[in-house]
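Got some structures for you, see below.
Next come two complexes built around subunit A: one with subunit B, the other with subunit C.
And then the complex of A and B:
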C-alpha cells in the first residue's frame, strides 16, 4: 500500500547512507553531481527538522575539497573542473552552515561575472553552454555572497524577457518552449532582482495551475507525464506569484507521499520507481510549500531553508500555504 | 570514460583541451576536419543511447563551431556547409524517437540560426505542419510554429495576415479532432493575440460555442470562451451596448460556475476570475 504520511526517519537514514556506498559503481558514476547531491540532501534534512544529521565538519571539509584553484570556483567533486552549478551548491551548503567566510568571495564573484555573455545569459563554465538555469544560479549565488550590486541587472533581465513565451512561461534559451523548471529559474531570478513586473501573471498562473494531472501530480509541460520534482518547480513559481491556492493541495500531497519508498526511504519521480536524492529533496520541498505538518519552511526563491535566508536578510515576498497542525 | 558516463563533464573538458592544445596545432585543415567529424560521429552514437544528456549536445555544438575552412573544390565553406546540413537530418532522426525532446528542438533552432546557408522560413513552417499532422498533441511543434511566425514578422519575409485564415482553419480542425488537447487551445490563444479585432473575437466565440454544444462538458471550451468574452468587455466596451455587456458578464460568470464544478482542483482560480469579471 502506498504510504500516506511522510516517513521522515526513513528519509533521514536514506540521506545519511548516501555517502557510505563509496565502493559501488553507482557512487562513482554520479560523482559529477556529488556536491549538488550533498546540497539536495542537506536541504531535505533541514526541512525535515534534522539539520545536524550530516556531520558539520565533514561536510565543510568536503565542500572545500571541491575548490578548483585554477578556475577560482567549485567543482562537483574533488579533482573535477569548476562549474557554476557546483559553485552555487558549495555556497548554499556553506550558507546553511553559516560558514561563507571560507569562500574567496572576490575570486568566486569574478568567476561568476565573467560567465555572463553579451546577450545577458550566463554560461555554465568556460566551454560556454548557456541556459537560463545558469543565469538563475549566478543571480542566486551573487545574492548569497552579498555581491548582487556587481551584476548588470538590466542586461540580465533583458535576457529573461527574451525567453518569455506567449503562454506566460519561460524557456531555457531565447526561442525555447516553456518548461516548469525554466519557469522556476526565471521567476525566482526576477524575484531576487525585484523585477516580477516582467511576468504575465494571469497567463503564467493559468499555465502553472494546468500542470496538475488527474493523479494529483504535476507535469512540466502540456501533455507530459507527472513527476515529483515538478512539485517544486511549479510550486516555487506559484508561491512567488502568490497563486498556491490554484491547485488541489491535498491531491498533490497524496501523490508525493505515494512516491516514497516505505522500506529504504527516499522519494522517486513517480510511484514504484527507483528513489534518488534529487527527487527526495524536491518532494520534501514541495510538501513544505504545501503546508505539510511538522516540516520547516523552505524559501522557494533560493531553494534554501527559510530560516537561513531570513538570517541573511534576503527574503523576498513569496507565500506558501499555511503550515497544517500535526 | 565518456561511454561509461557521458555526464562526466570534466572528461569532456579534458578531451577538448587535448584537442585544442595537443592535436589541432599540428593538424592540417583536412586532419582537423576529420578529427572533428569523428567526434561528431561519436556524439551521434552517444545521443542514440542518451538523447537527453546536455553535455553530449554541447560537445556537438563545439565540434561544429570549430570546423575549419575548406573542402572539396575551392569553396572555403564546403565542409561547414555539408556538416551543418547533416545536422537537420540527425535532428529528424531524433524526432522519430521522441518528438517532444526539448534538447532536440533547441538544437534545431540553434542549427537553423547558425547554418552557413539559412533555410527559408517557409520551409520551416512546412516542417512544423508535418510534425503537427503526425501528432496533434505535440505542443513543442505548435510552439515552434509561433516562433517561426514571429521571425517571419520581424524579417518581413511574409505578412502574417496573409497566413491567418489558413492558421485558423488548421487550428479549428485540430480543436474538433482533439478537443481536450491543451496545446491546441494554447495555439488558438496565441493566434487571437490581445483581442483588438472585435469581429475576430466574435467569430471565434461562435466557433467555440458550436464546439461546446457537441462537447458540453469540455472545460477548455469554457475557459477560452471566458477569456475571449472578457477581451470583448475589456477592449471593446465603448462599442458594446449596455445590455450586451451585462449579458457577457453573466455568461462569463455562468461558465466559471460550471468550471468550478467540472474542475474542482482549480476551483479557487475560477472564483478569483469571477471576482475579476464582476469588477
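And then the complex of A and C:
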C-alpha cells in the first residue's frame, strides 16, 4: 500500500541520519554535493516544522569549515574548491539561521560577480562551465546578501532572453531545449530581478500545466517520464506566474505521497525507487506549494522557508495554493 | 553509480614514483555532518590529489592520478579542472586526450563535467566535423540526453559551418523515424530551421508545415509535434486559422472519418488506428475559433468544455479558466 499521508517523523529521522552513513561509497562520492545536501535537508526540515532537527552550532561550524579562503567563497565540503552552487547553499543555510554576519560579503560578492561572462551568463567555478543554473544561483545569492545592485541586470536578463524557446520555455544555454528545471531557474531569476515581463506568460503557463501526466505526477519535458523533483521545478514556476490552479492538485499530492519510503523515510523520484535527500526536499517543497495541511510555507523564488525571506524583506509576488486545514 | 573496479591497481601510497609527495587527508572533525572515508582506493587517490594541489604540481603523473579519480567519481569537478590545467601546462597531446574523453563520455554521459571538458578540448583542437558522428553514436545510448544535445547545439552555433549544418535535418529525420515523440529531436529541428537565421523563407515554411502535419497524422496526440506546428505559426506570425481544415480532421472520433475522401496533401488524414479525437487538436481548433472573436466564441467554449469534461480532465481547471477568461472578456 502506497502511503497516503506525509510521514513527517520518518523524513525527519531520515534527514538526521544522512550524515551517519559515512561508511558507504555513495556517501563520499557525493562529497561534491555535501553542503547542498545539508541545505536541501534543512529546508525540508523547516517546511515540515522541524527547523531544529539539525544541531544549530554544528551546522554553522560545518558551513564555515567549507570556506575556501584562496577563492573567497564556499566549497562543497571542507578542503573542496569554491563553487558558486556550494556558495549559495552556504548563504542559504546561514540566512535560515540568521547568521549572514559570518559571511565575508565583499569577498563573496566579488567571487560571484567575477564569474559573469560577457554574454551575461555565469560560470559555476574556475573550470568555466556556463549554464542558466549558475546565473540563477548568482542572482539568488546576491539578493540574499543585499548586493543585487552590484549586478549588471540588463546583461543578465539579456542572456535569459537568449535561452527563451518557441514553446514558451527556457533552456540551459542559448539554443538548448526547454526543460522544467531550466524554466524554474530562469523564471525565478527574472522574478528576483523584477523582470517577469520577459516571460510569455500564457505560453509558459500552459507548457507547465501540460507537464502533468495521467498518474498525477509531472514530467520535465514533453513525452518524458514523471519525477517527483518536477513537483518543485514546475510548481515553483507556476506559483511565480500565479498559475497554480491550472493543474490537478489532489492527483499530484497523491503521486508525491506514493513516492515515500514508508519504512526508512525519504522520498524518491517515483514510486518504488531509492530515496535521496534531493527528491525528499523537492517532494516536501511541492507539497507545501500545493497547500498540504500542516506544512510551513516555502518561498518558491528563493527555495527557502517563506518566513526567512519575509524577515529579510525580499518577498516577490508569488502565489501558492491556500493551506488546507489539518 | 557503480563503483569502478580498481582492485588490481597499486595504491598511490605504495608506489615508489609517488613517495616524494605528502598526501593530505580530508579534513574531518566536525559532527554530525562529517564523513569518515572508509573506501581505501578513493581515499588514497584523493589524499594524493590534495597533496598535488597543495604543491601546485602540474606533471604527467598528475594526468594518471586525475584519471583514476575521475573514473571513480566523474563528478569530481576539481579533478577535471586540475587535469585540464595540467594538460595545458605539460603541452600534452589534446588529440590523445579527446580519444580518452570519447571513452569517458560514453561511460559518464549524464555527467556535466565530461561534456564541459570536451568543449574545452574542442575549442583548442578546432576540429568539429568528426564530433557530429561521435555525438550521433552517443545519442544511440540515450537519445534524449540533455547534455548531448546542448553540446551539439553549441558546436553548430560556435562553428557555424555549412558542412555541419547540412547534416542536421537528416539526423533529425532519422531520429523521428525511430521515435516520433522525441521532443529533443523536435527542438533541434526548430533550432536548425528557424533559429539559425536567414534560411526560413516561404519554401521552408511550406516544407516544415507539410513535415509536421505528416508526423501528426502518424501520432495525433504527440505534444511535441503540435508544439512544433504552433512554433512555426508563431514564429512566422501566421494565423492558426490557416490550419483549421487540417485540425478538423483530428477533433472527431475515427469512426466519423469518411474513408472515401480524396487525398489532400495539404491536410494529411490521421493514420489508421490513430487514437482520436486528439486533445491537442481540440485545443488548437478552439484557439482558431477564439481568434474569430464573438462569432467563434460559442464553438470555442464547446470545445474547451469537452476538454474539461472528457478529453483532458486532469487540466479541467485550466479549461474552465479559459472559458471564464474568454466569456468575461467578450463584448456584451
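Here, the second predicted complex is superposed on the first by the 326 of 326 C-alpha atoms of A that agree within 3 Å, B and C clash if a C-alpha of one lies under 4 Å from a C-alpha of the other, contacts with A are read in each partner's own complex, and residues count from 1 in each chain.
FYI, a residue touches a chain if its C-beta (ideal position, glycine included) is under 8 Å from a C-beta of that chain, and two chains touch if they have at least 3 such contacts.
Because the structure is predicted, anything quoted here is derived from the model rather than measured.
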Review point. If subunit A is used to align the two complexes, do subunit B and subunit C fit next to each other or clash?
Key: clash
Point to revise | Touching partner for A:245 - first (subunit B), second (subunit C), both, neither | key: both
Practice item. Scan A:80 for contacts with subunit B and subunit C and give back first, second, both or neither. Key: both
Check your understanding: If you stack the two complexes on chain A, which partner ends up touching A:316: first (subunit B), second (subunit C), both, or neither?
Key -> neither
Review point. If you stack the two complexes on chain A, which partner ends up touching A:279: first (subunit B), second (subunit C), both, or neither?
Key: neither
Review point. Between subunit B (first) and subunit C (second), which does A:38 come into contact with in this model arrangement: first, second, both, or neither?
Key: second
Exercise for review: Counting touched residues of subunit A, say whether subunit B or subunit C comes out ahead.
Suggested key: C
Exercise for review: Using the touch definition from the top, say if A:11 reaches subunit B (first), subunit C (second), both or neither.
Suggested key: neither
Check your understanding: Should A:55 be classified as contacting the first partner (subunit B), the second (subunit C), both, or neither?
Key -> second
Exercise for review: Considering only the touch criterion stated at the top, classify A:20 as touching first (subunit B), second (subunit C), both, or neither.
Suggested key: second
Review point. Just which bits of subunit A does subunit B share with subunit C as contact spots?
Key: 29, 31-33, 79-81, 83, 125-127, 129, 165-167, 171-173, 175-179, 206, 209-210, 212, 221-224, 245-248, 251
Study note, to complete from the structure: Per the touch rule above, subunit B residues touching subunit A in the complex are 4-5, 7-10, 12-13, 16, 54, 58, 61-62, 100, 102, 105-106, 109, 137-140, 143-144, 146-147, 181-183, 186, 189-190, 264-266, 268-269, 272
Study note, to complete from the structure: subunit A residues touching subunit C in their complex are 16, 19-20, 22-23, 25-29, 31-34, 38, 54-55, 58-59, 61-62, 65, 77-81, 83, 124-129, 165-167, 171-179, 206, 209-210, 212-214, 216, 221-224, 245-248, 251
Review point. Which of the residues in subunit A come into contact with subunit B in the complex?
Key: 29, 31-33, 75-76, 79-81, 83, 125-127, 129, 165-167, 171-173, 175-179, 205-206, 209-210, 212, 221-224, 243, 245-248, 251
Revision key, fill the gap. Per the touch rule, the subunit C residues reaching subunit A in their complex are 1, 3, 24, 26-28, 30-39, 42-43, 50, 72-73, 75-78, 80-81, 84, 112-113, 116, 120, 144, 146, 149-150, 153-154, 156-157, 181-184, 187-188, 190-191, 194-195, 222-224, 227, 230-231, 234-235, 314-318, 321
